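A, B, C and D are the chain letters, set down in written order, and residue numbers restart from 1 in every chain.
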Amino acid sequence: MPTKFLKLGFDDRVLCERSFRNIYLNGNRVGFNLGVNLNYYRGLHVSCIERLEVKVNGETIPEYLILFCINGKKFSVSQLKDLFAEFWSIKNTAHLEIYNYGLPEGKHDIALTLELRIPYMKFAPRTYGAVDSSAHKKMTILN
Amino acid sequence: MPTKFLKLGFDDRVLCERSFRNIYLNGNRVGFNLGVNLNYYRGLHVSCIERLEVKVNGETIPEYLILFCINGKKFSVSQLKDLFAEFWSIKNTAHLEIYNYGLPEGKHDIALTLELRIPYMKFAPRTYGAVDSSAHKKMTILN
Amino acid sequence: MQHDIDFGVSLYGFTQQWCENKDYGFDDMFKELNRLGIKKFEIVGSQMFNNYPNPTEEEINHLLALCKKYDVEPFSYGGGIDAGKYSDHDMTDQEIIAEVTFELMTAYKLGCKYIRGFGIPTHLVKEVARFAEFYNIKIAIEVHAPSRPSDPKVQELIQQIKESGSSFIGLVPDFGCFVERPNPFVLQRYIGLGANEAILNFIVENRHNGYTEESIWQKVQEMGGGQTEKLAISELFGYLSFAPADLEGFKSLLPWCLYFHGKFYHIDENGVETTIPYQQLLKLIVESGFKGVIMTEYEGHCFYLNDAPEQIKRHLQMERNILSQLEVKRISTV
Amino acid sequence: MQHDIDFGVSLYGFTQQWCENKDYGFDDMFKELNRLGIKKFEIVGSQMFNNYPNPTEEEINHLLALCKKYDVEPFSYGGGIDAGKYSDHDMTDQEIIAEVTFELMTAYKLGCKYIRGFGIPTHLVKEVARFAEFYNIKIAIEVHAPSRPSDPKVQELIQQIKESGSSFIGLVPDFGCFVERPNPFVLQRYIGLGANEAILNFIVENRHNGYTEESIWQKVQEMGGGQTEKLAISELFGYLSFAPADLEGFKSLLPWCLYFHGKFYHIDENGVETTIPYQQLLKLIVESGFKGVIMTEYEGHCFYLNDAPEQIKRHLQMERNILSQLEVKRISTV
């Protein structure tokens, strides 16, 4: 199992077209939702997320606009490292709520960078294998 | 609301007679279970636990024998401080699994020391009110 | 009705049953509201949801289904900022804004038009108002004992609210700010717990004689006081603080009040709260032209008399009596 | 049957469907087991439970109800120590023991008699055996590629198991340790991802020419290789490592083996795994007098051919063929 850098072929499941939608409040578009699944064979503790970035049409979303939602709870990106008690299972879609006033109807180029520590693949103190669950997709949002 | 040291009168609910029972594995008694409710008017994050100790018949249980079980998860006492994402609600009984080979049938003197930070009662940086949810009861265990 | 005051009941008033009786739930509370003829209620999230600050969809839906069944409506969401929930640091401003947003999300799902805000730092008032506006929910920051309306920090809060120019941020004064003397039940409880009566009297008499919580505890220890007397000091300097009512301060709050927490501890058979000057408070509210809700907030559960339904009924009756007397006066002076 | 070998199937073999098909679940896998005539299975907790390391009662009960429905039995629980799950420290020994206990608790609830252990440090073997005994569950520490049985650390592990004197701790060798050459599908996949064939050949040919993963990556970069070639290096030095099979080492493991992971990648129409010497491995197992289970562990999902049922069927047939040939030989030499 020790393999320092892994990228499996389940890319297509990472960005979830069905849960790509705008978020409205009282008729105002305030953000959009991005459903994310792991590209891995097993689940991982949320604390294993080492890097999470979203680019929309080439532009990076500032971290403070992102809420990471899993197991019914909502977290800021900076909190993720502490969540050793939240498990992100293979069948469990995490949702990013991105409060950037949403996206206009139509196709958008979504690039997710998502890198995770593989917690059982220890090479040296504090040195673990990594899995790349990044994905890139053009997806359609409806208003 | 700012009150530095609180002890409410819902003491009786803290130590839960119904869930006071021995734990058996393959016919061997390996420990006992102690159900604990908060003596407070609202729930608290598990990270607010500042002190947790159990004495049985006057003897302190070593910390490493205790598992703190809540929301379907199990934790060591030393992990509790990190669990800001686990909520211990008023209607939710936490269970201490204490692996001391259990207790003989009969009455036992159980003394729980449980002190929690009141997270909204801030007096100064890192200084908060505290609620005392300790309890002391003689309870009967059946084998 | 000449006044435009409506009544609501905070479910917080049912704390004793909620905590002591495993099976006591929303059904039971809503049945009480039905008996009282009250529709509007407040719910404290950290008290009544199993998951907080993000109650699950199931919890929300369960509550809303019962609201429909009993024809009651969540008027205000009792929120708060648990700034101390992290063990390694106090919440940063950004973390506080996130928590406010969580409260707004919950209130939005519940259909509440108001949030009781607590622990929102004064310097974030304007920022918080922006978020409240997104959700179309008004945030009422609670002014609570032992704070008093005239306190500089409360006045600074008013200043920030004023400067925000936003109608989405305001105040909810808690009438516990105006307790004038300790309720006899409070002192009886300490005595029941083993407190020395002479020491208790000393604490009450010297509450406003220049002592701090720390210095009076020092003194009380010298007099032979222990943990029970410490509890008494902590409560009487804290949420059970008392002093001559700061009515002038109260007037300065009134233009910014979104609703009121009709806090009370005990109403006797004569229908009077003997420690809080309800008559004067309601008079000032009516005179201010306030249109809105007074939320009945029973806190006598701290006496463990298990009497919430009767006490809440008396409270509503007391308020109606006072308001109709004010009405008569107004009419007779016209 | 002269040999005492039984067969099981690891649900891990269904990884591709599990990951790609949202609706694919235990029902589907158990139907496959029924079709294969297999009762015993292994389940990897971190792969198939939504809550890990403590699956909920609902999850456990759901799984057990389906086991009953399809008449299949959880033989072994695929556990592991996620020593890196904390962001601020590697797990301490005490934390590792706690995790082992969680795996034992889950296996106990499932009724598994074995746990596949992974990541248990050698110096904790004796301590872990004590806990395993409480639960009456045997922990089989996996010997997995790129480790080889003759490696000093594997031999040290055997020494600790021996010294423990406990029958509750042992080994589960994974036949991936004995891959002798890269499967053509592996190399085709890299080429499909854009790898340069010449560089790939260089990596394969020089896998055992004194390079470390780092030094060959250095060299490959000089040759113009990029991220795809890096992935190839990482896998071929990692879980897809290859080398002449360490059969002597395997013999040294056999007295401590509790069961086997019949890892395989591809079995062609001739019914042969061309990269792993199954014939030799099974011969050694039978000769050792082993009584127990070989757990079919298909990992060809890394080629994304979506062919698990057919491949697992071929694997079981291959094993049966080899074992019956060994039988014939044994009888004819008697």
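The rule is simple: a contact is a pair of C-beta atoms (placed from the backbone, for glycine too) under 8 Å apart; a residue touches a chain by one contact, two chains touch by 3 or more.
Molecules present, by chain and UniProt name: A, B = C-deglycosylation enzyme beta subunit; C, D = Sugar phosphate isomerase/epimerase.
Please read these numbers as outputs of a predicted model, since none were measured by experiment.
Enquirer: Any chance you could name the chains that touch chain A and chain D both?
Expert: Both chain A and chain D are touched by B, going by the contact rule given at the top.
Enquirer: Which of the two pairs, B-D or B-C, is linked by more C-beta contacts?
Expert: Of B-D and B-C, it is B-C that has more C-beta pairs in contact.
Enquirer: So, comparing C-alpha centroids, which chain is the farthest one from chain A?
Expert: Computed centres place C farthest from chain A.
Enquirer: Distance between chain A and chain B based on Cα centroids, please, to the nearest Å.
Expert: Each chain's C-alpha centroid was found; their separation is 36 Å.
Enquirer: Can you work out the whole-Å distance between the CA centroids of chain B and chain D?
Expert: That gives a centre separation of 40 Å.
Enquirer: What is the distance in Å between the mean C-alpha positions of chain C and chain D?
Expert: Computed from C-alpha means, the inter-chain centre distance equals 60 Å.
Enquirer: Measuring centre to centre with CA averages, how many angstrom lie between chain B and chain C?
Expert: 29
Enquirer: Which chain D residues touch at least two other chains?
Expert: In chain D, the residues touching two or more other chains are 51.
Enquirer: For chain A, jot down the residues that touch at least 2 other chains.
Expert: Counting only residues that touch two or more other chains, chain A contributes 73, 82, 84.
Enquirer: Which two-chain combinations touch?
Expert: Touching chain pairs, listed by label, come out as A-B, A-C, A-D, B-C, B-D.
Enquirer: Once bound in the complex, which stretches of chain A touch chain C?
Expert: 25-26, 28, 30, 64, 67, 72-74, 76
Enquirer: Under the stated contact criterion, what part of chain C meets chain A in this complex?
Expert: Touching chain A from chain C are residues 51, 54, 56-57, 94-95, 98, 102, 108, 134-136.
Enquirer: Which residues of chain A touch chain B in their complex?
Expert: Where chain A meets chain B, its residues are 73, 75, 82-86.
Enquirer: Using the touch definition up top, name the residues of chain B that touch chain C in the complex.
Expert: 1-10, 12-13, 40-45, 47-48, 81-82, 84, 87, 89-92, 117-122, 125-126, 128-129
Enquirer: Which residues of chain D touch chain A in their complex?
Expert: 12, 15-16, 18-20, 22, 44, 46-52, 80-87, 90, 118-119, 144-146, 189, 213, 230-231, 234-235, 237-240, 301-302, 304
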